[in-house]
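Written below as structure tokens is the structure these notes are about.
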Amino acid sequence: MQDDDRLNRFRSEIRAWLEENCPAEMRDGRITDDAICWGGKNWEFSSDAQRSWLERAAARGLTVPRWPAEYGGAGLSRAEEKIFLEEMERINARPPLKSFGISMLGPAMLQFGTPEQKRHYLPQIARGEIRWCQGYSEPGAGSDLASVQTRGEDMGDHWLVNGQKIWTSYADKADWIFALIRTDREAPKHKGISFLLIDMDDPGVTTRPIRLISGASPFCETFFDNVKVPKDRIVGEANRGWDVAKYLLTHEREMISSGGTGLSGGRALGAVMAQMAGEPSAQDPVLRAAAIRCEVDALATGLTIERYKDMAEAGKGVGNASAMLKYMGTELNKRRHELIMSACGSAALEWDGPVGNRAADWLRTKANSIEGGTSEVMLTILARRVLGLPGA
Amino acid sequence: MLADNARGFLDEAAPVRALRDLRDAGRTHDPALWRRICDMGWAGVLIPEDAGGADMGHAAAGVLAHEMGRTLACTPFLSSAVIAATILRRIGGERAKSAMAAIAAGELTHALAIDEAHKFAPEATAMTAERHGNGFRLSGKKCFVVDGGFADRLLVLARTGEEGLTLFDLPADRAGITRTAQGMIDSRDAARIAFENVEATGDDVLGQVGGAMTALKPGLEAGQAALAAEMSGLAAGAFDMTVGYLKDRKQFGQPIGSFQALQHRAAHLWCEIEVTASAILNAGRVLDTDPNEATLAVSLAKARATSTAQLAVMEGVQMHGGIGMTDEYDMGFYMKRARVGSEWLGDYGYHAEQVAALRGM
Amino acid sequence: MQDDDRLNRFRSEIRAWLEENCPAEMRDGRITDDAICWGGKNWEFSSDAQRSWLERAAARGLTVPRWPAEYGGAGLSRAEEKIFLEEMERINARPPLKSFGISMLGPAMLQFGTPEQKRHYLPQIARGEIRWCQGYSEPGAGSDLASVQTRGEDMGDHWLVNGQKIWTSYADKADWIFALIRTDREAPKHKGISFLLIDMDDPGVTTRPIRLISGASPFCETFFDNVKVPKDRIVGEANRGWDVAKYLLTHEREMISSGGTGLSGGRALGAVMAQMAGEPSAQDPVLRAAAIRCEVDALATGLTIERYKDMAEAGKGVGNASAMLKYMGTELNKRRHELIMSACGSAALEWDGPVGNRAADWLRTKANSIEGGTSEVMLTILARRVLGLPGA
Amino acid sequence: MLADNARGFLDEAAPVRALRDLRDAGRTHDPALWRRICDMGWAGVLIPEDAGGADMGHAAAGVLAHEMGRTLACTPFLSSAVIAATILRRIGGERAKSAMAAIAAGELTHALAIDEAHKFAPEATAMTAERHGNGFRLSGKKCFVVDGGFADRLLVLARTGEEGLTLFDLPADRAGITRTAQGMIDSRDAARIAFENVEATGDDVLGQVGGAMTALKPGLEAGQAALAAEMSGLAAGAFDMTVGYLKDRKQFGQPIGSFQALQHRAAHLWCEIEVTASAILNAGRVLDTDPNEATLAVSLAKARATSTAQLAVMEGVQMHGGIGMTDEYDMGFYMKRARVGSEWLGDYGYHAEQVAALRGM
């Protein structure tokens, strides 16, 4: 009961803080990638409101609410974070900052980084000063992430890195990259990889956007040509980078899965159906039935993400089961966007039509079940590690 | 804890074997099993302590129902300890209290007589309870009255002229009541019940005349949530049996569970079961904390449990191959119970429409 | 155009013949296994009408319309057979005779049998005098049909057969069995099998029904204990029985698949929906949408079965593609019966309720995608042999 | 034969590469390609011989559409050679004959202006054609007019007071007509067209005033069947590309096509494609032999083609992994065309409802 009192007090405080600090322009409910601030050296704020929203949130530690205060966070508990997010949703606030530093490198560094690294890198991420991208996949490797060919030769005080990464999200806009590099070519596949941090401005680093079927270019190819990486730019031990990568993949999966679900997403489908059909009971019964099934599954999947977060908070490792969230969340999201496209009919068949650019969102979802481990890889992980089924 | 204890007891006292034996003996109810269950206090899980219950709430009832689903335990838990108990509790008062005490102690069992046609549709009730003197005369037919073949008392929904639907609590042996057993595919009890000018007094009315839904709705929702939990347990039981078979059974020289297509389907099924588990837990939680706003959570749970249980038993039979089709093997019992559970208290379409309505779709 | 005239004339003839010869009682549209005559020494006709319908049809060759007249058939072309079946359906006639002799042994014997065998066995089948069952599967072998353990030792003038078969449909009612027997234990798996014909009355043959989840017992276990099988009771060459089995499996697949489809089956679902809901537009929109999808797929699958039959008639071997018909037909049939059960609601939950025994039909369909090669085996066949995908 | 010839020509003259080049050049129509196609006689496939056509029928038109779908050939075949030709043929008479001759010769292209909102719903047409003097005045807005950006003539559906729907055949440059290009995801042509007091005479009316459906219905059904054929070709094209990739691409040391889960999904997709092929063939056959009773066959074909094409492109992208998402690779073109084809002339739900109605469901 005391807990409840404390949480209620927290809710009042955070509500008041939001009321005072979140600019009106940032309360438009736009939470797509192009509306949110991603930070970094070259970030151009879309408005003064976007800038001050970032600065105020960062000052209060709310760009990374769960991180400790010493690294720029607000040190919130899971329950407090939930309240913060609820209050954000209540006023339709955009997140003040989004980045792979927050969602991926940060968690890995909190787990594997040295105290010096945490003090150096984490506050920059929290304030949106440095924008990170990830360098995992390589051409031809596909789902086999441990098949790393980019090599780092040990030159004493540094590694000399040569090779190529692909599917590096927003690498053309990033300041730094965290990358898997093969630093021991003799060791078994998973044992000779290191997790290195590389400045995109370093000599020898180049990057080139890949055009996608949606017309956008969120991904790049990134090339390393005799890039010198000092020995302290490593997370975890040398040749033990796969441990970090695995930990990180779990985080990435949860992030991608929650894109697909939650109540607000569910509302989106219902709202589109209603909007396009002119009234709640859509005029195409077959489509409506499919939308209802999707809604049932979306609500239950949203509850599952919450449940797993609570389990993680309670210290119950969810481990490989995060593959479930990734699989179910992304497959659901694809289904939902197919239905949204159907509900919108020809209005969504233009790149920039009367209902905005829903086609690009729809096409983007097709990558969800590929990036960060395909649905097929997730199912195999679950079959082997959770169900204990034997290898072929 | 509760789950582990329940599982230990049920594995010993009510494995699928017990249901099979009951069926082969031509019976649909095992009073000795129910006696043992009542002695453990399960019948009082939703009954206040001052009426002799354990008052553990709907989440706990869901845990018990889940475990009973896992072994297909054949008991009147849902009819009596969940639905009737919730209705009586909502009614309140001394009479209800003593009725609850009788349920908790295992002295009486109740069945809910609500369906009149092939689908769950309480609002369409045609059975009449006409005012007659100081009381009522009930006439009409009910079917698919689960546990109605042996229950001591019947909760009966009937229409009272213009006043609307009224709920009666009658002894099953009152004059004018005729029960006919239905030979159900899941080997559980159900009855067709005819009411011919059955006399009832004002004391037999639960709540207000024309106000059946006040107490019936929470009772139905508690039952739907517990049934969903039972079906999620059923799905888990069928799934465990299937995964075990995939590991043991060899074909073309290897365990069939090493074939990727079966691995992926089994993993997908596990995901569906996990997602449904969340909906079940949520329904229990909402019924305990915000019972007047539980319809969405309950219908979500029942809809998900229905589709998941059906997938689990279909994959279960298919992955077992021929042996899954034999009566000798237990999988068929799971398949048949899943089908009955799918229909009872509202099927997938019914609950999906409830979700749609509440979500403005 | 001459063809059309000829076919139109044929239609008039067959219509007139049916009008005169098909008893009124046999025009009730009941085409489930328990309503049709299966023939055999121990057959008990359900009525005089059933008996005379069999006798008249057999006399006219119409129990096996495509077989040559010398073996008891009517020698019809595919186009004529189609017309015959259409006219049968028009008056809701039950088939006069159904048996595994007609659907399986007959076709195999026409292909692989000696002239003597054809003259001896086929007319008995056509007249419904001898009822056959098949002995393929063995305990523990499951989908791996070539894993035959039942052995036939070569004793000069006969084989001495010992072993056990399972899933022998209606073996307890059959007069003879055609079975795969391992006659060479040294040869590779597929090369030492013979296709033998065994009289169920022979000393050493016993059979025991298997009770299924539907309560019915259409299948048996069949045991061979020192059974002597004369050397002329073989179809095809010794140790080449797998060729016959493969040929036969194709026929079996087509037979099982067409149980699942066709216009009449489609009508069944629509009719049940209408009957249970009180009117054509069923009251459960989600269920109705699923039924409509099923109807669309059923109509297209029915057209596919027709198309493949036409291709076979035109001499274009459909070969492994029959696995497609088996797979799609049986999966569709399962879907349809799930929907029928849903439409009937609690009325179908009794073994013998107000809508008959739909539950038994529903449970029976679950075996369709297992017997005669599981859906999984069909998909593997298609992937390997039709698509040419590589083995693991 | 016809299919082989068509395939040979299209692989050379209109591979996916050609559509990509067109798009990159900011164009939506390739007159040179259409010229070559007309020279081969394809534009006259449904036009009588005395009007210069080849009169090969709807089954043949389906074969050509199927092959064009396989390479995503960008042509006004459906708009002009199928829909307009079928409508004009049904109208009959000398004027229609010369119009058909112009289509067959490739001298004129037509587009059908029918949609006004986001879904196909001819009966809901709101655009008006008010009687004015001896003629009419047309006012309203059309959208998703496929090939409407470059077509020489527009077939326009409008409402004439109480008389009902009337079909007009107008030159696209008549005063009061404004065309705006729509930037379509499939890189094909479509336009939004505004009509502001556009003058039309009785000669511009196709068939009877208020009797649009007499000729429009067969035109729509011919178009729907040919579009279904195109989409089945599209599905086959995407499928072939995917199976090729499954054979070539290695991962974890083996071709990914050796993984059983992918094998089973590929085999399932092949089955769906085969089943859809039957529905397509049937629609062509029924249109040729019994055109007044073709609705069921046509809607069945379009419904199946829609669901099959969508499955084929979704599986295609997923099985290709990341590369399938890149613009550089052709799979995305298939996915985007499948989406547009799904919506044009009625989506899955529209045609499934047609089937349901005709089957009494």
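The chains carry the letters A, B, C and D, assigned in the order they are written, with residues numbered from 1 in each.
What we mean here is this: a contact is a pair of C-beta atoms (placed from the backbone, for glycine too) under 8 Å apart; a residue touches a chain by one contact, two chains touch by 3 or more.
Here the structure is a predicted model, which means the values were calculated and not measured.
The set of chains touching chain B and also touching chain C is given as A, D.
Ranked by distance of CA centroids from chain C, the top chain is A. With each centre defined as the average position of its C-alpha atoms, the distance from chain C to chain D rounds to 42 Å.
For the pair chain B and chain D, the distance between mean C-alpha positions equals 52 Å.
If you average the CA atoms of chain A and of chain C, the two centres end up 55 Å from each other. In chain B, the residues that touch at least two other chains are 259-261, 263-264, 352-353.
Of all residues in chain C, those touching 2 or more other chains are 285-286, 288, 292-293, 376, 379, 392, listed in ascending order.
Taken pairwise by the contact criterion, the protein chains are fully connected, each one touching every other. Residues 115, 117-120, 143-144, 182-186, 190, 249, 251-252, 259, 261-262, 310, 314, 317-318, 321-322, 324-328, 331-333, 335-336, 339-340, 342-344, 347-350, 352-353 of chain D are the ones touching chain A in the complex. Within the complex formed with chain B, the residues of chain A that make contact are 266-267, 270, 273-274, 280, 282, 288, 291-293, 295-297, 299-301, 303-304, 306-307, 321, 324, 327-328, 376, 378-380, 382-384, 386-392.
By the touch criterion given at the top, residues 259-261, 263-264 of chain D touch chain B in their complex. By the touch criterion given at the top, residues 243, 246-247, 254-255, 257-260, 263-264, 266-268, 270-271, 274-279, 281-282, 296, 300, 303-304, 352-353, 355-356, 359-361 of chain B touch chain A in their complex. The touching residues of chain A, when paired with chain D in their complex, are 137, 141-144, 166-167, 210-213, 215, 276, 283-287, 334, 338, 341-342, 344-354, 359, 362-363, 366-367, 369-371, 374-376, 379.
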